[in-house]
Amino acid sequence: MSNIDSNLRACYINCTLKKSPNPSHTEGLMRLSLDILDRLSIYNEYFRLVDYNIPAGVYPDMTEHGYQTDGFSKIKRSILDADILVIGSPIWLGEKSSECVKLIERLYGLSGMTNAQGQYLYYGKVGGCIITGNEDGAKHVAMSTLYALQHIGYTIPPQADAAWLGEVGPGPSYLDEESEAQDNDFTNRNITFMTYNLLHMAGLLKSNNGIPNIGNNAKSWNNGERWAFRKMK
Amino acid sequence: MSNIDSNLRACYINCTLKKSPNPSHTEGLMRLSLDILDRLSIYNEYFRLVDYNIPAGVYPDMTEHGYQTDGFSKIKRSILDADILVIGSPIWLGEKSSECVKLIERLYGLSGMTNAQGQYLYYGKVGGCIITGNEDGAKHVAMSTLYALQHIGYTIPPQADAAWLGEVGPGPSYLDEESEAQDNDFTNRNITFMTYNLLHMAGLLKSNNGIPNIGNNAKSWNNGERWAFRKMK
Amino acid sequence: MSNIDSNLRACYINCTLKKSPNPSHTEGLMRLSLDILDRLSIYNEYFRLVDYNIPAGVYPDMTEHGYQTDGFSKIKRSILDADILVIGSPIWLGEKSSECVKLIERLYGLSGMTNAQGQYLYYGKVGGCIITGNEDGAKHVAMSTLYALQHIGYTIPPQADAAWLGEVGPGPSYLDEESEAQDNDFTNRNITFMTYNLLHMAGLLKSNNGIPNIGNNAKSWNNGERWAFRKMK
Amino acid sequence: MSNIDSNLRACYINCTLKKSPNPSHTEGLMRLSLDILDRLSIYNEYFRLVDYNIPAGVYPDMTEHGYQTDGFSKIKRSILDADILVIGSPIWLGEKSSECVKLIERLYGLSGMTNAQGQYLYYGKVGGCIITGNEDGAKHVAMSTLYALQHIGYTIPPQADAAWLGEVGPGPSYLDEESEAQDNDFTNRNITFMTYNLLHMAGLLKSNNGIPNIGNNAKSWNNGERWAFRKMK
């Protein structure tokens, strides 16, 4: 495992609708990935978003926008300190949870900030997602979640999503024994590939000091720098 | 520009529904990115998919599945030789074009193949997309296109999509002079950032010999290797 | 206007992230439709979801699932009394708001209930949606919102969505004077068509006592009734 | 069954990528719905789109746009004669097939035409969809397909989609015996509900001469009629 940079940090956020201590099927699947990190001695933090009192909104601090408290500050710190962000979501009616959408809105609320080089804040970080449902919707949830992450500056390595779904219709969920989900070879493989690819890509970016600061710096663009771009004649 | 690896190769595929020599608005926007490559002396190839006679299907060679000819072979060669793939699509009814979906199906048809290391074929390559429409749908098209690319092995750098859209409702398209689209600072900036980030990420992966061959190799997984993954107890 | 049933009731729910009294662009557009109802003397109720203290969840009453209060009860009453439901949402990162997703989750939480005939609760009602954003995503939001509504039992009449979007990139929003959005003929026409088609379809269903109770009753199905369905041989 | 109008006509279009006579899993599921129609003596036509030589495009007749032949004319006739349109699609990479997107583009290509009342051509017709895949994507495909149909004028009754999917990962498809898909109670129920709701709604609209011609007529709007709509002050 010598290729893995042991100084990487990861932040995993579970967007289940269920408050602790209710068991979360999504957490069950996320634990497989977190366990890989533990075995590789990669520092990681895990949050269940619904346990924090987090207002919806697109501003960095919602206490400045009519809310008494904003539980996002601790999670924000973890996200910004981490090289890797993994978002977990259940599926309701074929879509990611409202908690997951709220998280993306809050991430977006920070996206105007820049890193030391003047690039968007999330440049140099990598993102992935983990999805559980009992029948349908994993790719749909993943495409929307990963899109949001790359849009605000994350790099998405190959096969950066993993999921478990049962056969169409009502049925057991991930942690229910009768689902036999823990024996699903496809899900186990994808969790593994996702976790390693996030580590590989985060290590590659970290050792390179992120993404080179040419052709992607909003401050420079606003100051008139165009690099090799020319307007259509 | 010393950071850009001048040995990179790029393949751009325009999924307009219009055959040559009809003007394509999507090509108009793609040319801005191709012009950056030219100025940086990056080798690039450009295809208009609808000009080739390409059957729908999910097999590498559709002549083995009831079709007399399959125009995909030349494009396939270019895709596999390239470090960068950029898919261009117009928007119809809020969705990517049927040509774009056909291209993704054909890319998927090759996804069972592996590279020299035994990883999926597209590992080590990077992908992006360019979208034009006259009113709505760019993010929706991009999320689905970029998802497909990462799913089959491409890496998606930050801000890997660029688009032009007019105000809601019927109106001029990208190349129509009255759209003044070529002066849209947001579109021009995003085309630039996308192009540079694709180059940066492709260079980074190339100099690293792709993505490390640990934890993401289907052949090894099938042979029982699990790396640091352990099943749930 | 003799064709419009003046006994119809409508419920409009605005899923903006902004609490009252902050102006909501989405409300601005919704008001055009509500004004048509007022002129036709159709009873209507309007809610801004974020002003109520509504927990996320998929149960009818979240006070039975660990929450002290659940502000959904008043809105639920209005939804169930109404023949027409219109959901309004802003767009963030190309998606409907987290408040909109939360609303759909709560609607879904009631979907196990049945009407007097034993059909799903929302049978016989009609649904539409109104979307505002400053650049992109209206069709994507509408397809997901309207899908959820038909999935739980609503009928979707033709052209049941209306939206305003500006040109791609940052720019003025719907109520901002410089957007000149109130003069957008396409948006005004779509708001009108949507509103009338919701009224026509709701009237048609009401005068017909909803959707005939044959071939769509879960209770009968569970009791073994199959109507003209036969399993594959 | 006295409520079902036996003069209704239905058109079912299978958008599989496989040419006849290859077996189509999607056809397998569509046959369950067609069999209900047969038992109720409802006239129906069935097409496998890929068997016709149909160019991509958004014009009514593609022979006027550079193509030698356009196999869409016969299918077009059936669509326009029918009260009910059901689109069947397989799922590839979580999305509807390229044939399905091509069909929607061609339907859209006719959407500028109007019926005898001056409303859009598809007003008064109803639409549904049937989806098969081996693991994921049915709701995503349905939401996009049903959205397109309502956008061009179709009415969508409740629960107008039905699907079969297996557990996540590679596995048997609908017609494969080991899938035991034909015994999936959820799929069988949804096929039944969908079919009956399409018949109920089509009958309701037919007996009402379609959707009342008030507030939804583009010609009248263009001539300055605004009904009860007023611009924002």
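Letters are used for the chains, namely A, B, C and D, taken in the order the chains are written, and counting of residues starts over at 1 for each.
The rule is short, and it goes like this: contacts are C-beta pairs under 8 Å (C-beta built on N, C-alpha and C of every residue); 3 or more make two chains touch, one makes a residue touch a chain.
Quantities reported herein were computed from a predicted structural model and do not represent experimental measurements.
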Copies subunit A and subunit B touch via same or different residues, half shared test: same
Identity of the chain that, by mean CA position, is farthest from subunit C: B
Whole-Å separation of chain centres (CA-atom averages), subunit B against subunit D: 30
Separation of mean Cα positions, subunit B and subunit A [Å, integer]: 23
Centre-to-centre distance between subunit D and subunit A (centres being mean Cα positions), rounded to whole Å: 36
Shared interface positions of subunit A, touching two or more other chains: 93-94, 139, 143-144, 147, 151-152
Interface residues, subunit A side, partner subunit D - complex: 93-94, 135-140, 143, 163-170, 184-187
Contacting residues of subunit B [partner subunit A, same complex]: 1, 3-4, 28, 31-32, 35-36, 39-40, 120, 122-123, 139, 142-144, 146-147, 150-161, 182-183, 188-189, 191-193, 195-197, 199-201, 204-205, 208, 211-212, 214-216, 218, 221, 226-232
Subunit A - residues contacting subunit C, complex: 17, 19, 22, 50, 56-58, 66, 92-99, 101-102, 104-105, 108, 144, 147-148, 151-152
